[in-house]
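In order of appearance the chains are A, B, C and D, and numbering begins at 1 in each one.
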């Protein structure tokens, strides 16, 4: 009954604002794309809390009840200037910065006795080349940090490897929006940004062409 | 016969592409804004050659024959991430990079016996604050380099000081466009950019409010 | 017959110069420390070729014939400003730059079907704190790159995990020496460096106190 | 009675610590070199307060009573990685950071109606090349900031131009010492530093060869 023409179901996640920011580009992109109709894929969306505890709880619940072919996690990485395609998640939480629950984690594994690291099976190099060919700054990164972004990436890669759900996982870090940088100027100068339009276009193009990178 | 309501005449200049680039955001902004109607100002435009010799020749000819209240020079500064409002021009040319005529200048004054440096009288701090309030990354810079950009800035500031023409002078450096950075990725990573839309908006807003900063 | 007082045997490795450099701080430190007498440890040294193929061959041979409690790999990381203590190795080789044999590897696993990544069991955070307390700039890094340094780190961590030889593994990336940066000035400016004396002191202090971090 | 062999009298100045730092490399170098005997030059030294008001008062008094052929001002520039040879001083004070008296100055000229900027007549390019040839990272800078360092530089260049005292003026910015960076690690990573030995050697070599650059 199934067919090769079945639409891929994609879960697109973003994060709430954190670290004193009022917005988070990942949340705004998810909201914009959630309203959009795609021909070849079926999209569902989630906004994740910036919480060591709740972020993975929300995903755990979701993966229990839903079929997902591909999860694309989006997060903000202040200081980056392009679409930063993350290749690696590691089994470690370690940041001086509290999460939105006020929790600080130092030198803590995400999963006791879990593998040290996971690399996505998605073709990250091809995605970077593809976005560059579409005139969008993009590059591959080999560290997703040691904060909630890395936690969520590691969690989904582990879930995928262990249970086959979701089938494919990718994390993309996004630059600040211009308005975020503008509100910091005078304090810290020359921080890169990217317009919401271009960031959204990058993610939309990736979703529309997702079959090419799996 | 004159009146306080006379429109300001503004000369807006950009540069040709250089340094192996196919485009120059300053040229594109000038072309876009040259077609635009402004209520309060009269705009004229020039595209300057990236040439130590010709750039100032073109300006010299222009200043001979035209009334200019305000000259706004625009140029590209690869590596910058915001609208970079230049405050200072110095009496020095010095770069390893040839201009578009193939000429290299090292340790050469722009004007023999000219003053060492000029600061614009335009309120650069207020412009940065204004653009930030409009959600556009912008900041004040204290070095316009030692290449054609600095030459043109020094030349116009000196002409203004010496002959009162133009009355006011400002130089603004602009980030790469996203497409310029995208074509470099894989070679050099994490170079900042800003969309042509936002760059053009910044210059348009500045022109529309130019009276506030003089 | 064994005793708690047995001296630890430490293999300290450095690399040959590469990438057009005439020297490599890692090689110079290894040479300096190879002549030094340590009270509590026994040191052996190796200079590894900057070769995808030969670097791990040399280690393979060595691990066959020698008892090693701890291997400390040193390598140069141009652009870093402190003692960069690497925590993670990944199963990937990917660089535009050829090795000293002229070989380029793109998107190639180090070990077919090997784990995606390894984290060292050495207490890297404590090492960074310890060196800082000794007035030496040092920090933990989460990516050792995708070149020979990462290859060697992954290889030794995998060998350790698989065969228990060596028992412990760590990779440390080192800044350029001042003389390396001085020879580049005029071309690229403001590249960080660290004196050979301070780099050597950092590694010597680490070796003398190695028991604290295992 | 005078002769071409008369020793040059050089005033070497450094600054007190500021900005929460416990030390200032410029003060330490001045102290080290004040005890040193030079064959070809006579050295006097001053430690300047990091005070908008007092720094130039101290210099004013000094210039009244002393013959100075050459003043070499040294200051700390956190974030720089090499010996930064300043070429330009501008007639502006503007910083968010208070001086050691708690005074903040924004958008304030140093000298009402003074020239906008001064360039030193010392051959800064040759000094950079000379230090590089001695294996010391060094480069020319075109902005000395808008804080006390720039104030002192502008003041001495203006005094020299106006009264011929001192005859020659140069300002050099110095990197953090390793110990300064080590005390920040964990908070901010990858800040460059340079050993006191190498910084001192750079200044000593410059003083010993000062005739070549005048």
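Simple rule for what comes next: a residue touches a chain if its C-beta (ideal position, glycine included) is under 8 Å from a C-beta of that chain, and two chains touch if they have at least 3 such contacts.
For reference, the UniProt names are A, B, C, D = Pyroglutamyl-peptidase I.
As the structure is a prediction and not an experimental result, all values here were calculated from the model.
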### Task
Work out the mean Cα position per chain and let me know which chain is farthest from chain D (Pyroglutamyl-peptidase I).
A
### Task
Go ahead and align chain A (Pyroglutamyl-peptidase I) to its copy chain D (Pyroglutamyl-peptidase I) using Cα positions, then give the rotation in degrees, nearest 5.
180
### Listed chain pair A-B, C-D or A-C that repeats interface B-D [over half of contact pairs the same by residue number]
A-C
## Note on the structure
Between the Cα centroids of chain A (Pyroglutamyl-peptidase I) and chain D (Pyroglutamyl-peptidase I) the separation in whole angstrom comes to 48
### Summary
For the pair chain A (Pyroglutamyl-peptidase I) and chain C (Pyroglutamyl-peptidase I), the C-alpha centroid-to-centroid distance in angstrom is 32
### Message
Rounded to a whole Å, what is the gap between the Cα centroids of chain C (Pyroglutamyl-peptidase I) and chain D (Pyroglutamyl-peptidase I)?
### Response
38
### Task
Enumerate the residues of chain A (Pyroglutamyl-peptidase I) that touch no fewer than two other chains.
186
#### Entry: Residue numbers on chain B (Pyroglutamyl-peptidase I) that touch chain D (Pyroglutamyl-peptidase I), as the complex places them
87-88, 90-92, 94, 107, 115-119, 125, 142-143, 145-146
#### Entry: Touching residues (chain side chain D (Pyroglutamyl-peptidase I), partner chain C (Pyroglutamyl-peptidase I)) in the complex
80-82, 128-129, 131-139, 178-179, 181-183, 185-186, 189-195, 197-198
